[in-house]
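Both of the next two complexes hold subunit A, though its partner changes from subunit B to subunit C.
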Partner chain A sequence: MSDFTIKVRRYQPESGDPAYYQAFDVELDPTLSVLDGLLQARDRDDGSLAVRCSCRAAICGSCGVKVNGQSTLACKTRLEDAQAIANKMAGDSLEGNAPIVIEPMGNMSVIKDLITDMESTHWEKFRRVTPWLIPDGAPPEREYIVSQEAMVDVTQAVACIQCGACVSACLSLEADPDFIGPAALAKAYRFVGDPRDGRTTERLFDLANDPHGIYDCTHCFSCVEACPKGVAPMDQIMRLRRIAGHDHEIDDLNNGRRHELAFAKNIERYGTLDESLLLQESYAPGVKAKLKPTPAAIKGLLSSLPTAVRGIRTGKMRSLKKLIPGIHPKLPGDSQKRVRAIYAHSEAHREELNLYVLGEDE
Partner chain B sequence: MKLAYWPGCVSRGFTPELHGSMALVAAKMGIELVTLDRANCSGAGVIAEHNQELADCLNARTFALAQETGLAMMNICSTCQGAQSESQQRLDADDAYRAHINDVLAEEGISYEKGKHGWTNKNFLWLLVEDYGLDKLSAMVTRPLSGLRIGPFYGCYVLRPKKRLGYDDNPDRDVYLERVITALGGEVVEYDGARRCCGFPVITMNKQTSLRQAGTHVGDAIDAGADCLVTPCPLCHLNLDMQQPEAAKIVGRDLGLAVLHLPQLVGLALGFEPKQLGMAKHIAGTSQVIERLSGAAA
Partner chain C sequence: MPKHDVLVIGAGLAGQRAALSAAEQGVSVAIISKVHPVRSHSNAAQGGINAALHPDDSWESHAFDTVKGSDYLGDQDAIEVMCREAPEELLYLEHIGVTFHRAPDGTLGTRAFGGASKARTYYVADITGQAIMHTLYEQMMRFDAKIDRYEEWFTTELALDSDGNCVGAVTRNIRDGSMELFEAKAVILATGGSGQVWKPTTNALICTGDGIAQAYRLGAKLMDMEMIQYHPTCLAGKGFLITEGARGEGAHLLNAKGERFMERYAPNKMELASRDVVSRAEQTEINEGRGFPDGTIALDITVVPKKRITEALREIVLVGRDFAGVDITREPIHVKPGNHYAMGGVKADTWGRSNVPGLYAAGEVACVSVHGGNRLGANSLLDTLIFGRRSGVHAAERAKAIDHGVASRAILRDEEAKIATIIGRERGAGRRISEIKFELGTAMDQHVAVFRDAEGIETALQTVKRLKEEARTAYIDDRGTIFNQDVLGALELENMLDCAESTCVAAAHRTESRGAQFRTDHPERNDAEWLKHIDLSCGDSGPEISYSEVTITQWQPMARTY
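What follows is the complex of A and B.
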């Protein structure tokens, strides 16, 4: 048995008072969970403390909260681990133990204490991606026959328990509340990757062209870190981008595919990045390229000009080589040839190693 | 200390002051850097998004070139660290996959060997704390950063995902910037943005989402009383510094906060002049930092 102090963010809308933090002392085995701590505080000190939970075994996905700022399941976080992080974040000057801070999930409105409104953020976005199978044509007389590899490919996305921890952690959602978000997009991959689904192209076209779709993910890994089931939603979003841009050649309105192709081409040509060329080609690839600039792309390019002018003024971009797209030093010796050979091989192969399937991840 | 050195692309492109200040600081600290001039871009996550095998081949090539030198490898870019660690995780996880990638490198006569002589790839921040040592660094300080209020800004790629980035063995990597700031005599400013995203990866795709992030974090740091931010990531620097005037428009408030590269902050404490460290090249003015330091010296 050990003593812990948990500091819980309380909020009761009917009271008319603003949110406040309340500390509870709990006494539990350190290997027990933060949820056990919350339930003890509720039983011993304040029966009005609102927390949602059910299975207590990281299966039902009910007890999503933030522990020391990190979105997670309360039942899957040990008190001793939460204590170690609380102490670390408090810094070297700390004496004794810092309180374990428990808050409701982010990016959602709070109904009471630790209970958030999953409907208005999570479930609404979830429905946005048409989260059910739409097969082509009439169903077969008996079951669908699917290869095992094809289904193994979507098992990672299938593992989602809808707890909302990734939605809570998402940093794009903080900046853009309209972003479809990690949980819903991971679910979108679950159907894009399913060989029984007949609307793959339509799904991809929709998600690539929506300004709040797959190209609105800022690649911050917060959802990967938060997910208690190893779904790695961001990895699923990147797969959606790969499939939309490469396999389906969807030339989206967000410059997503253009940017990706411009970057890849840039390195094939020079080995290291020529930012000026990247900027230009992300918006408006050369006339020889198949892609033509859209009005949105031209607007994007023009809006970058003030930044470029400032860079020239401070000397950041004084060198001609940095200013003129396409005048960029190549790698020495035959290195550039080697890089091109790697491209020739990899673009033909496109092998993907899924560590989740391999069993390397959880 | 002698290290193979991968400077990355942006440190020699739009943030030349980073590469320049690293060279000065390394020499002063007695770190000999062997630049991997034949190595290629890490892909910054974008090439992995385009073609995973391509990203892994390109990074395996850089690792192989580093291993040829017989030295551990240092980078000065969080994004390189993240993209390279992602490839390394896959390469190390599966012998057959690694062999397949090495077949592609065989033409050049090089190969990446898992765990060769305890080979590591670390960014300057991790190296500073884990290998160089903060006591040793403190002892070298000739201009303590006393009175300078500094907000740490990590960049996502050295924070997450923890398992891939070696947090099992080094769990405190997400508080190293605070420790370095303290070791240099500076004052750590706590604000919301330290471990959030700068927004750079979507700058060409959704400028609003991108610059709202950068602008919010810079604003929060100003409100918390910071004189400057410090970051180990040049791509964060692009959004936080180079785009700062644009970000200010999007968040609808005045900004104007200096953003220093990590080697610049170390360089100031080791006695280099702001101009030597390329601070005049920044978009957000650095005069408040310089005034604060000259005040401390007086």
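What follows is the complex of A and C.
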């Protein structure tokens, strides 16, 4: 048994008061969870402390919250671990223990205390990705014959419990609340990756061309870090991009595919990013050779001018030289050759990580 | 006043399957759940679902294993229905998208499970329940136009018309506290089990026996309430489940001396004997001093190849790491028997019908009885789906054939008044709800568990009766309407106490040992006197006992060894 102080962000909608923080002292085994702490506070001190919870074992996905600012499940976070982080965040001047701060999930409106509105921030978008299997034609008499590899591949996304921790942590959602979001897009991959589904192309075309779709993800890894089940939503989004852009060659209205190709090509050629070429390659691939930019490319280039100017003015773009195409430094020695070898290897092997490891038994 | 042909209460596997099958019949359907459907406890089913699908297997073999597992208390006509329809149901699940494990040739693959003579358990890693339930929810969204979903609505009581038909339910919208009378021509209960009556339990906090208690108070009979399964491999203290799939994959049970003690109890099936057998063996080892000091024995999964663990037991790796601080691929994990499943429940026939016209029950809330004295692993998912589907079909047929009944309007006012009374109780005048729940859980786990005797059961029953009194004055803190979880907790406590009382009464009455009921004062199975079900109805002074025959089709009771 140890003593902990949990500091909970309270919001009682019927009181007329704004949100406030309230500290509760709890006494529990340190290996028990933050949820156990909340339940003890509720049982002993205040039954009006509202939190969704059910399984206590990270299976039902009810208790998504922020613990010390990090989106997670309350039941999966040990008190001792939360305490260590709280103390670390409090810094060196701390005497004794800092309170463990528990707040409702982000990117969602709060209904009461730790209960958020997931309907409008998650489930609506979830339904938007047509989240059910649409096979071609009538089912076979017996089961569909598919490889175990394919089933394992999509089972990583199937493992999602819809807790919303990734939605809460997503930086793109903060900038664009209409972003379909990590959980719904991981769900989309679950069908795109399933050989039994007959609408792969339509799904990909839809998600690539939606301005709030797969190219809205900024690759920040927040969802990967927040996910309590190893679903790695960002990886699923990257798989969608790869299949849409690379395999299906879908040139989307967002210019997402070309922008991604521009990055890849740029690094393959120079080893480091030549931003002067990036813009040009993204919006008008081949413009240098043909000298014939499309109207869309000209529009795209012009529309990105304010961003460029802002970059120069705010000092983000520190070297004006970098804006001049063609003078980008090359990698030393035969490093560029090695970069190209990496490209060739990844092209040949299509490597990626999957937590549901496949392999021969030892 | 929402009005539908069929009203489903509870949205786990049984409820969602019932709603889908009723909707398929072309009737209007509503499904109500006190949590969002994907939070339902069917999620927790890890290991898999049984079906004699493989050409080398037969439904008769599956049925016999189930009959034997039930210690001959299961009704064989119902077991036959379940086992015959299992393969078709499994293919339905596969066709709508469940990502079942595959054999090398791309067909469905199986794993071994307890009490089964063949490897007939189909699975998705060790998240089978979750994978199936989320897939059913996908279908509910697909048929959005046909099924109205009421997510986070709490059913407080069922409603009758003047002819004694069940014609709806009173519910509270948790989001804003408003109360509604939902009217329907048929009501399907799919509210799950009552595991929270015990502490610890593998069951989620929502498993408070709501449907069992509400049906009982309405006049429905309960059956086999004494049959409570203790799962052999639960984390001590916390009660978290380690799937039987671990033993299916080859894991061993060891006592503190390092002995594979199942050799002495079930020399043929070893760790894969029926759950009641394994749990008793473990408890015997612990009671006789061969357990670990923390009152546990060890589950050694390290004998399973590591890659197989990562692929097929990933959830258990996480449970070990996150909740026990143990890397199960490197060291044994300490476990003990823990409360897991209620074989009993609302007495229902093979179409889910209770004795109250218009009231159906499917899944753990029901007792068909396919599990009898002891449920086999991976038969519970099957039970929910088969009888969920059949209830949906039959309820839809009923709805097509009759007009809406009229529920008494008074019931809505009564329920509103009941809730107002609870909210209005003076703070500090009685006990806290949480204290009563804790005392209940502790008493039940001590006295109505793996081993029982008359004295212990009586102690538990007296405790339950006293707690029922105390619950009448127990107070809550939250006086609001929006997400008042406090008042729901008080309603759940009433339901838990009704379930607990029924279990105690039935356990005291059955003076023999069968399946999960092991009486140290009556250690033998007694077919002459007790090859029958105990039925309970709600009387003025507690449960009233009657009996019903066990249906035997082709398997006569035999001695049960594994």
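Here is the rule we use: the second predicted complex is superposed on the first by the 295 of 362 C-alpha atoms of A that agree within 3 Å, B and C clash if a C-alpha of one lies under 4 Å from a C-alpha of the other, contacts with A are read in each partner's own complex, and residues count from 1 in each chain.
Quick note on the criterion: a contact is a pair of C-beta atoms (placed from the backbone, for glycine too) under 8 Å apart; a residue touches a chain by one contact, two chains touch by 3 or more.
Everything numeric here is computed off the predicted structure, so don't read it as measured data.
Colleague: Looking at A:Ile59, would you say it contacts subunit B, subunit C, both, or neither? Reply first, second, both or neither.
Modeller: second
Colleague: Name the contact category of A:Leu185: first (subunit B only), second (subunit C only), both, or neither.
Modeller: After superposition on chain A, A:Leu185 lies in contact with neither partner.
Colleague: Pick one for A:Ile111: touches subunit B only (first), subunit C only (second), both, or neither.
Modeller: In the superposed model, A:Ile111 contacts subunit C only, not subunit B.
Colleague: So in the superposed three-chain picture, is A:Leu28 touching just subunit B, just subunit C, both, or none of them (first/second/both/neither)?
Modeller: It touches nothing on subunit B or subunit C.
Colleague: Figure out whether A:Ala159 sits in contact with subunit B (first) or subunit C (second), or with both, or with neither.
Modeller: A:Ala159 sits against subunit C, while subunit B stays out of touch.
Colleague: Of the partners subunit B and subunit C, which touch A:Leu79 in the superposed model: first, second, both, neither?
Modeller: Touch partners of A:Leu79: none, neither subunit B nor subunit C.
Colleague: Of the two partner chains, subunit B (first) and subunit C (second), which one does A:Pro13 touch, if any: first, second, both, or neither?
Modeller: Second partner only.
Colleague: For A:Ser346, select first, second, both or neither according to whether it touches subunit B, subunit C, the two together, or no partner.
Modeller: first
Colleague: Which of the two partners, first being subunit B and second being subunit C, lies in contact with A:Gly47: first, second, both, or neither?
Modeller: A:Gly47 sits against subunit C, while subunit B stays out of touch.
Colleague: Hey, what residues of subunit A end up touching subunit B and subunit C alike?
Modeller: Correct list for subunit A: 355, 358, 360-361.
Colleague: Taking the complex as given, what residues does subunit B use to touch subunit A?
Modeller: Checking each residue of subunit B against subunit A gives 9-10, 12-17, 37-38, 40-41, 43-54, 56-58, 61, 82, 89-90, 93-94, 97, 100, 104-105, 107-108, 156-157, 159-163, 171-172, 175, 178-179, 182, 188, 196-197, 199, 201-202, 204-210, 212-213, 216, 242-243, 245-246, 280-283.
Colleague: Enumerate the contact residues on subunit A facing subunit C in the complex.
Modeller: 12-14, 31-32, 42-44, 46-48, 50, 52-62, 76, 78, 111-113, 115, 118, 127, 131-133, 135, 139, 142-148, 151-152, 154-155, 158-159, 161-162, 191, 194, 196, 229-230, 355-362
Colleague: Quick one: which bits of subunit A touch subunit B in the complex? Just the residue numbers, please.
Modeller: On the subunit A side, the touching residues are 84, 88-89, 91-92, 171-172, 174-176, 179, 211-212, 215-222, 224-225, 232, 238, 241-242, 245-246, 254-256, 259-261, 263-264, 267, 271-275, 279, 282-283, 300, 303, 306-307, 310-311, 314-317, 319, 322, 331-333, 335, 338-339, 341-343, 345-347, 349-353, 355, 358, 360-361.
Colleague: Which residues, counting only subunit C, touch subunit A once they are in their complex?
Modeller: 35-36, 38-41, 43-44, 91, 94-97, 99-109, 124-125, 127, 130-131, 134, 138-139, 141-142, 144, 175, 204-206, 238, 240-241, 305-308, 310-311, 314-315, 318-319, 322-323, 325, 432-434, 476-486, 489
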